[in-house]
Structures are given as structure tokens and as C-alpha cells.
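For clarity, chains are labelled A, B, C and D in written order, and residue numbers in each chain start from 1.
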Amino acid sequence: MQVSFACSDQDGGRGGLRPPGNGGHSKQNATSPNTASKARARFRTVALIARSLGSFTNCYHHNLKESTAKLTGMKYRNLGKSGLRVSCLGLGLLSCAFQVAEQLMTMAYENGVNLFDTAEVYESLKTAETERGLNRKHIIEGLRSSLQRMQLEYVDVVFANRPDSNTPMEEIVRAMTHVINQGMSMYWGTSRWPAMEIMEAYSVARQFNLIPPVCEQAEYHFFQRDKVEIQLPELYHKIGKWRVGVVSWSPLACGLITGKYENGIPECSRASMKPYAWLKEKIVSEDGRKQQAKLKELTSISEKLGCTLPQLAIAWCLRNEGVSSVLLGTSNPIQLAENLRAIEVIPKMTAGIATEIDHVLGNRPHSKKDIHQAH
Amino acid sequence: MQVSFACSDQDGGRGGLRPPGNGGHSKQNATSPNTASKARARFRTVALIARSLGSFTNCYHHNLKESTAKLTGMKYRNLGKSGLRVSCLGLGLLSCAFQVAEQLMTMAYENGVNLFDTAEVYESLKTAETERGLNRKHIIEGLRSSLQRMQLEYVDVVFANRPDSNTPMEEIVRAMTHVINQGMSMYWGTSRWPAMEIMEAYSVARQFNLIPPVCEQAEYHFFQRDKVEIQLPELYHKIGKWRVGVVSWSPLACGLITGKYENGIPECSRASMKPYAWLKEKIVSEDGRKQQAKLKELTSISEKLGCTLPQLAIAWCLRNEGVSSVLLGTSNPIQLAENLRAIEVIPKMTAGIATEIDHVLGNRPHSKKDIHQAH
Amino acid sequence: MQVSFACSDQDGGRGGLRPPGNGGHSKQNATSPNTASKARARFRTVALIARSLGSFTNCYHHNLKESTAKLTGMKYRNLGKSGLRVSCLGLGLLSCAFQVAEQLMTMAYENGVNLFDTAEVYESLKTAETERGLNRKHIIEGLRSSLQRMQLEYVDVVFANRPDSNTPMEEIVRAMTHVINQGMSMYWGTSRWPAMEIMEAYSVARQFNLIPPVCEQAEYHFFQRDKVEIQLPELYHKIGKWRVGVVSWSPLACGLITGKYENGIPECSRASMKPYAWLKEKIVSEDGRKQQAKLKELTSISEKLGCTLPQLAIAWCLRNEGVSSVLLGTSNPIQLAENLRAIEVIPKMTAGIATEIDHVLGNRPHSKKDIHQAH
Amino acid sequence: MQVSFACSDQDGGRGGLRPPGNGGHSKQNATSPNTASKARARFRTVALIARSLGSFTNCYHHNLKESTAKLTGMKYRNLGKSGLRVSCLGLGLLSCAFQVAEQLMTMAYENGVNLFDTAEVYESLKTAETERGLNRKHIIEGLRSSLQRMQLEYVDVVFANRPDSNTPMEEIVRAMTHVINQGMSMYWGTSRWPAMEIMEAYSVARQFNLIPPVCEQAEYHFFQRDKVEIQLPELYHKIGKWRVGVVSWSPLACGLITGKYENGIPECSRASMKPYAWLKEKIVSEDGRKQQAKLKELTSISEKLGCTLPQLAIAWCLRNEGVSSVLLGTSNPIQLAENLRAIEVIPKMTAGIATEIDHVLGNRPHSKKDIHQAH
């Protein structure tokens, strides 16, 4: 699937996804998870920006870069360089039963999450979708039928998933601008695009006075740092005042960073399932065993900070100010509750701790600019 | 609340706010105040440009800068540099009971007022709203839900209230252009923006061929002159042929210029109420006492002209040709009737009188350009 | 009234003005005159571009500048520099009874006329309308309510009637572009605009990539030649490849060129009516008597060509290739039939005859370019 | 008729033309041919881009220029430089009975064809249509009424058929951009336009930031090579990165290249019918007899490759990578089946064979660039 998108809680309540309850505990209000789960049937990414709850601590801060909700402690950052404020933790729903999805969304929402990403990859669909690409017809029809399926008037962000070398960039950016002008989306972003293609999209947008993308969805965790820490910052530096923000996914490296593979592959773990044979292979490889060793070392740091390893991994992603939001990918309510508490670890993520982690990982990427980014 | 707006009497009567009666005295026609008052529940500024009554004295004047309605004597000026003609006195409704609002709007309308501003500031809402800012999502959703609440298809002017340093100017101007292109508004303006931000909005509009703002809402009275008399004129001078006009508010400085605080703070006055503690403080301060002394001096000038002090203050604002309209802020019908008669004082506001007032105030701002403005 | 417009026979028959019958003689089909006459209640100019009847003689002409309908002999030219083909004779309806309007429109339509102009000037409305001007609000609301009144989805051409010095040209051109982009009109034109203002509109359209006007409506007859023969051609020359065409009106100079005022002012003639006192004055003036003498001389030319004086006057207008269409202004069916036959006089309007007419008139305007225009 | 267009299978099934069955053999599902046949009543060209069936062999090819469907063997190329993938064989329906059209479309669809062109030329309509040209009114109204007739919301590509020298290019490109922005079409193309006019359309699109055309429909076969092999490639070369693709028609030169005229004109053949008198004349001319002789020689090549002469002719067109799709023009199901199998000949169309064919034809066009094109 090449077009994924973000949808939104519509203020006036006109046909939009409504959050599960009004900030209370009315779990019987299943409107939102219900319609959202329909969307998962086809689309990889569905993000829902709900109305944030309660009031904020530093409301009159003149240039508020990050604000914190009093009630939940959730922090909010701008989505890329757009003015849209999103919770620094988002929910990336994997395929799971409807009741579980509902429970996860409710829990996340009540903890101040306003960014939902119902990630689902159907390998069987991938083929046909890749073929269809990012041409104007596909972008417009794909988004329109998704809106119908989800019974939404518009989404907040539509993502162009993977670049399409068969479609001219002008056609992609014109189509994205078209769906925004038609009111089908508020913003558009890229997903898994190399920095060079993002640069081209930006240039084409400037050349033809079209709307540039506001953010890139990228994988980012202990063992995958180059793109988010070097390539994208260098891109932003070139573009100057304007820049693309990052929504990062897979903070726990598909479950690698949970400690559960420390002693091999347990039954019922994801890596033991057939479609994740590649994950199993990765874990039992030379590299995989080295990574498990490093995670063991990092566990002592997390224990020092009084948090779990996953919480450390998530807070570590958020130490990077270029990251607008980290999408949590768990389908386990208990793990989600644990992961959401990573918020509390952020203040403990000092420059010293970051250096300590870098020392263990031994993979800090180097460039002229990484000094400004990776502290 | 960061998005305020102006709404309009729609000519064809299709769902628009209708003026209270057809220029007659049919006070039972409460359509307009009724729908307008609904809007006050959430939005700070609601302005209604109604159809002006009667005919005009100088209709065939080739370059008519100011025209006068025969029946009411009301004068009309262009809203900023737009071609929209607004009454030089507008109604800025403060929070008051529905019946009072209706009475005020009817009285103003019958006196030729076609610009209504239902100003209302809810401190409790301010917080959350400030957080939301002027991002595309908020501008579009905010305006759309306001239109629904007021049952209007569109407004005349939507104001971006206070600048938002978290949202790129390009996003703001693109969103404003979008709502205009979508037919949700005719024009857009700024409110409480520093000259530098207005300049940036103008530049961005020119850079991307978007629609620039047509006017700024600014505080302007005897004791607050710099922005309207120096900063904005200098901005207009830089921008050249194109310029932003001013809709000014608080001509009586929140009631300071009524004479009622001459001998301290009376019970039941605004300054005696808890939320206006800052006003009380200001009045009883060293500066406040000096201002009251000056007002006493100005009273003798107003008596010489055969008008009241508030009427002098309002007419003084209107001597400035850069001011499109002065929003009257009273919630008292008797005071409104008094203020509306400021129209009759305008012809008496000669250069000599203006100099006399300047002498009393002793705060005439100086710059190379103020000679052209402040006569 | 400052916004006049042209409406159109809509191909699919969706709510558009339908021509009176399908090229047959079904006079009972009064749909078109009926709806059109409603429009006359408020708007000065209503032009209807109906589907031309029958086939054309030179259909495969590669660069067809003028084509002739086989059945009616009517000739078609492009409306200004647009690609729209209009009959070289149009119908400018004056205020007249509904039945007469219907009869006139039917006759004109059956003779191949596809451009209708229901001209009507209400002095009483003029005042208020002039005041309102060409601001964005007025252009959009004015056109929208006219469409509603006429029950049309869109018109072909909307005319901005008389320039408005109070509204910036950018606002006018943006609003006209807006109504075209919204599908409310196909083209826009100017009416009674000086060449300088048309030039400004064109420049502003180019500066902001907006849509320029396609034609100017101008008075043009034996005694009024300068604008159409000198000023507008000079403007077109400056603008280069792009140019504004002319739809001319008053080919008989408000009835002066009918011969009926040859011996003074007859009872029941227009000039004898009170609102046309200015016309009477003009006729009985020194200048007026000289004009009548010249018309007497021209009558001998028309007799030589075997046509009437009005036919000569109309064909003379059409000898000018810059004129897209001449709006006939009669409300008399017999006169209309006579005027429509001016088509047959065009081939006789040789350079020699034109020179003869120039000699009699003695008012041929001179400029470097008039040689190319006035033959 | 000057506006022809391509319509599309709409993904969500909302009022779009549906393919005849879901890739199965449900011939009773006549929805698509039924609605399509309605369109043929007026419009020359109707192309339908249906959803391609099955999966593709090289889905993960990074820069896939041509992909092949596993099930049908059909190959897909980008439509011009757009990102839209069309089958390299399209169906250009000639006027034929409804049942036949349905049978042809079903057969084509089941063989992987996703581009339909219901070509029909009504000589009687041609006249009036040519007169109407490509002005804004005609483009918009023509497309709108076609959509209504076909009960479609939009088409994929609207073609401007033959250039219109009476309409400024700016008006044409603005109107085409308008219908795309209004959602009535996804792309626009030209048909039978000289390279110079395509160049002008491209330049005007760039000058005013409008949408350029994506492809040209051109005649292309053994005896007509210059435009597709020399003129259009030279144009693309000038335009640089951006280029117009070709949809070619008449691969069998109106039936000339079928062998059926080898021994004169048989009864019941197209050339024996009255409206094709020009074809008959061509065949029996000196040139015609020479062409038949060459075809005899080419037959030996086709026999060598184990295919028929028409299959050779079609595969020969497709050897040209600049051709997006070859529209098959047959109304005979047996011939269609034969022509569709031209797909299998493509791999046999080696450089050697192409040279051999060039040698027989003796009409290989020469220019500096033809070396890169004609192999």
C-alpha cells in the first residue's frame, strides 16, 4: 500500500472519528475504535489526532516548543514544522482483535495520546499496491475510498508511503496539493522516503507553488540511527528555515528491545511466528547476539534510572528534538501502559545518560552536524 | 481563542444574519442578535457587515474616500485597503444578556452601523485555545464550526487573533487563503499582531501568490497611540501601494475615558469587579491618577465643542484617516446612544482642536511620518 | 449597478436558459424570455449566448476568423480574444413588456443571434449600487443572487460595469478569477472602462497569475469613435499577442441615427419622454442639428447600397474587425427585423464606401494605428 | 467533436464504469459496455482505464518501466510521463452493434486490457463541433454533459481533439486545468496535434503554472512514421526531463495491413463501403499497389516469426518505447483475439527483425535522434 494517512478528531463532531469517551472512562463509547478498525482492513497507517485533554502547564510561554498536559503529563510537540500539536507518543496499532484495539485506543487517549497510527501490513495486498504507485489517480481514489470506508470527511495528514520512481515528482506533489485543496486532508507527509526524494518533493513544491510535505515517517531505534540522526538533519539544514519533522516508528525494533529474546526465541513470541522468519533469523545471527549483549548492558542503565528497558528505549528516541512523535507498536495493553510511562523517563535522559548509552551502543553516527542533534 | 472573525449580512438572505428589521423599527425581528449571540459563547470577535440603510450624499463622487448616509449621518470608509465599505463606528459587543445585546444591535443598526464585533473573552477558554494556535487544522475547523454555530455560509472577514510563533507564517497565510477560496470568508485580517508579523504575512502572501490580510484590529485611544500612529503607518509606507487598514477597539480605554473614575473607583463599575483587578490597579497607580487629571482638562475641550468626553475620545480616533472603524465597546444602551452621536463631533475635530488635545495628552508619538497622520 | 453579466444556454439543459424552441418556430416555448425577464428586474446587462443554429459554410477553414451560418446568414466572431463564438449582432433588450421581450428574443434567436443583452438602467438603484462598488463581497454576492434569480448555474461572461476607484484592482481581478474558478462564470469582461483601467486589470492578472478580462463593452456609432477606433486598439497593441475585444452598444446613438429626428422631435419618440430630456437637448443643440444634416447626406449612401440608414450604421460598426458583436437596442419588432438585415449590407461595406462615410462624418480619429483599424 | 476523453474504472465503484465481471467470465454483467455504448452516441473517443487483473511478475523492480501480468501476459507501461499504468494494447471501439461492443470489451478486459477507446466518428456532427472548438465554455460543458451521459463522476484523461487556432492556447490550458482541479478528470492529453502546438501547450502551462498535457494520440503504422518517430521525440528532447507519451491508433492503417486488400477490394470490406471511398482510392492508387507489394514481403517475415501480418504490425508499433499503448481498432471478435496475441510477438521483435522490416518498408525517417528511437 503506497498511500497511508492520518485522520483526525473533527472538532464539530461532523462525521469524524470521535475519541472513546469525553476524557472520562466511558468505554462503552466504541465509535472511534470501531470506525478506525474498519480502516485497518486495507490501509497500513491510520493516525488520529484527537482533541487533547485538560489544560497545559505553560500556556503563555511565548515560543512554546514543548508543552505538557497537567492531567496526564503527556508532552506535545509540533508535527514537523507544521503548527499542528501532536502528543510525543503516538499509537501505531498492529493487527489485533477489535476489542483489543478499542482497549488500546481508549488507554492511549486517556493518557493524552492524540496521534493514532493503525499500522497493518498485508503482504498479499502489497504487490498490487506497489504496482499502482503514487500516480494522481491512485492518490485521489485511494484517499477517497479510505475516507468512505472510515466515514470521515477528511484526515489530518495523508502519507505517501515509499517513493514511486515511475511517477514524476510533479505529479505526486500536485496530487497531494489537490487533495489538500479539496479538503480531503490538512497536510501531507512522506513515509520511508530517502532524504533525496524528500528534497525533490520540497523543490518541486517551491517551483510550482504547491504545498510541501510536513513530516517523514521513519524507523528509529537503538540499532537504526543514521537516517533520523544524520540524513534528515542534513536535509533540513539544506532546506533552511523550512524543515521536515520526523514521526518515528518501531522504537523497540520489532520487539527486539524488550529483553524477551535475551535467551533465544520463546514460543508464542512474534519471532517464532512464520511470517516473522526474517526476525528470527536476525536474532539468532552473529549481529543479533551482539545486540542482545548490548541490551543486557543497557538494562543496567535503565535499572539505575528506575525504568524498564523499553521505557529507556522510547525516552531515548524522544531526547531527539527532531522527533515529533514516537509511534508505539504494541498490541498488549500491559506493555502499552508500561510504554506510555516512558514520558516520566524523559527528564532523566540527561546528556550524561545519552553519552553512556552511546558508549554501550557504539554506533553513534558521525557528521559535522550530529553534535547539534544527538545530545 | 486565536481565530476571531467578521460575519456578514448576506444579500440574498440565504442563511445569513439578517439585520434587525428592514431599516424600520421592527424590533420583534430578533434573528440577527439571536444567531449572533450564539456565536459569543465561544468566539471573541464577531463582526457583522450589514447592508447600509438609505442612500448616500456623495454617490457620484469620483474617488469617494468617505461617504455619509443621508438618513443617519453615519460615515462609511473602506475596510483597510479592501473595497468593502464599513461604518466608521462599529459595535464591539461585550458579554451581556441576550436581550441587551439585541437592543444594542438594533439601535446600532438603525443608526447606520454595519460592522458588529461581539467581543467576548473567556479566560477559561483562552488557555486551551492559545495552545491550539493558528495551524491549518485549527483555522479551518475553528471557522467551520463557528459558521455552523451561527448558521452562516460565510463571514466577511476572519481575523487571526494574536500571532502564533509555533506555526510557520506560510501555513497561516495558506490556510487563510484556503478558507477564502472555499467561500468560507471574503477577506482575512489580523488582530493584535505586531507590525513585523503583519509585514511577514504580507511578504509570504506575495512570495507564494496567496491573499494578504486587509486590516489589523488594534487598541487605540488617548493613552495608547504608538502602534496606530507610528508603527502601522511606517509598515504601510514600506509595503507601498498596498496597506493594511486599522479597525480600532477600546476607544474609551476600558472605560477609563468616561470620567467615572475621576474620583476613585465607584461600586458596580467594571474596575470594581474581580476579573478587572488589573484595571483597578492601573487606575489607582501614579500613572492612573495623572491620566485622570488629563481627562479633567480634556473635559473642558469637550464642553467647548458641546459634546461629552467619550464623544470627544471617539471623534478623536476617527480624525485619523488610517482608522476604518472604531469599535464601540459599551453594553449600556444609553451610553451607546451617546457614543453613536460622536459622528456629529467629527466635523468639529479641526487641526486646532487636535493640537490642543495633543498638548494636554503630551504623548504625541514622533517620527518622520506622523505629520501626515496625526492632524 | 456595477456588476452586469452574460448568461448562457447550457448544453446539457441543466437549469440553463433554453432558447425559444429548437430552431423551429415554437413560440409557445417561453422558458428563455421568461427567466431572462426576471433578471431584468435588477441587472442592467444580461447576455445570453445560445447554441447557434444549423451548420456553417466554412467549417474546415483552418483559421476561421468569421464564419457564416448557412440557414440564417448570421456571421460569428470570437468574443474578444476568447475562443467563444458569438453572433456579430446581439440583442440588447431595453425595458419593455414581457410579451415584447419574448417576441424580440425569439425573432433574434431564429435569425442566428446567440448573444443577448437585457440592458436596463434603474436610476433609483444606481445610487446604492455605485456606493457598493466592485469589492469582492459585492461581486460574489451580486453574481450569486443574480444566478438564483435567473435560476442559472452559471453565466458565460460577467461584466464589471464602470471601474471602481475605491477597490484595489487586485481585489477586483481576484474576485473575478474566484467566480470563474467557482464555476459561476466562464469569462469576465469590463464595461465602460477607460483603456488605462483595462490595462491595469491585465497587468494585475499577469502579476498574480489571475484570469484577465476578455472583452470591453463600449459605446460605438457614427458620432462616437475615439475609444473603439483609437484608444482600445492602442491598448491592444501594447498588450501584444493578447487583446481585449469590443462588444459595442448603441449603434444608432440612442435612436439619433434613425432619421426620425430629421425634422425635430416627434411626439411619442424617446426624446420626447421626460427621462430622456438630455437626448432632446442634444438633438436640438447646434451640434445636434449638424449631426442631422450629416445623417441626411449618409441617407443617400444607404439608398445607393439599397439599405436603410440604420442598416448602414450597423454594418459600418461591423466593418471594424475589432468589434466582436454589435448589440441592437431596439424594442420594436419591426425595427429589429430591419436591423438584423444589416448582415446583408456588410459585403457592400467596401473600403470606398467607408471612405465616403468618413468624408461625410468628418470625424475620423487619427493616430499612427488607425490606418490598420478603420478600413 | 473536439473534446474526446478517457474514463476510468473507479475503485470504490461509485458510479464508475465497472469492468464486465470480476476477472471471471460473467458475461451477463453488461454494466460497462452498456454505459460505454451510450457515450459512443456523441463522442469520438472514450477510453476506460480498468483495474488490472491479477498480480505482476516484477513488482519489486525498483524502476519498473514495463511490467507483465502473470495471468494474461499483458504488459503495462506508463501513460506518457504520467504515473498511470496502462496496458500496452488498448481497445479503440469503432461503431458497431451493442452486443458486439460488449463482447469485444469483455474479451479485451479478460486479456488484461485496461485502456478502452470507443472511437466513433459521426461526420454529421463533425461540422458543428469543429465550429465550437476548444474554448473554455465548450471544454467544460462538453465534458460535463459527457460525464452525465455516461453517468460518471470523472474520467481519467480528457483529450483535446485537433488544435483550435481560434482559441488562445492560454484559454485551452486554463480550461483543462480547471476541469482537472474540479475533479472532472485526472489528466489531459492532446489528439492529432502538431508537435508545435503541444510545445506551445507545454510552454503556456509552465508560464502560468497550469497542468501540462500528459500524452498525444497519434496515428502510427508501417506507412505513417514521421510524427511518432521523429517529430514527437524531437519535441520531447526539447522539453527535456518532461515529455509527452504517445497513444497510437490505426496500427493496421484502417485495415490496409490485414492482407485483405492484397488482391484488390473484396465485397463487404470497409473500403467497399461508400463513406470509405477515400480508402478505396488510396488502395487502388500507384502508392497503394506499392504498399500491398511491401506487405507481401513483410508476410514472409511474419511467417518466419510464426505470427500473422497484423500481429507483426502491432508488435512493431510496440517495439517503440515512446508508445504507451496501441489502440486496436477492430470490430471483429476473431480479429481482436488475433491482435491481442501480438503481445507474444514482442519478445521476437529483435533489432535484427526491425532492421529487416525497415529494409522492406524503405521509409525509415532520418534525424539525429532516430537512432535512439527506432530499434
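Brief remarks on what is shown
Just so it is clear, a contact is a pair of C-beta atoms (placed from the backbone, for glycine too) under 8 Å apart; a residue touches a chain by one contact, two chains touch by 3 or more.
In UniProt terms, the chains line up like this: A, B, C, D = Voltage-gated potassium channel subunit beta-1.
The structure presented is a predicted model; accordingly, all values stated were derived computationally and were not measured.
Because chain B and chain C carry the same sequence, their contact can be compared by residue number, and under half of the numbers here are used by both.
Centroid to centroid, with C-alpha atoms defining each point, chain A and chain C lie 62 Å apart. Averaged C-alpha coordinates give centres for chain A and chain D that are 44 Å from one another.
Shown for chain C are the residues in touch with two or more other chains, namely 181, 209.
This structure has the following touching chain pairs: A-B, A-D, B-C, C-D.
By the touch rule above, chain D contacts chain A in their complex via residues 8, 10-12, 14, 49, 52, 55-56, 59-60, 62-65, 67, 76, 78, 81-85, 156, 181, 183, 186-187, 209, 211, 242. Per the touch definition, chain B reaches chain A in the complex via residues 126-128, 130-138, 140-142, 144-145, 148, 164-168, 170-172, 174, 178, 181-182, 208-209.
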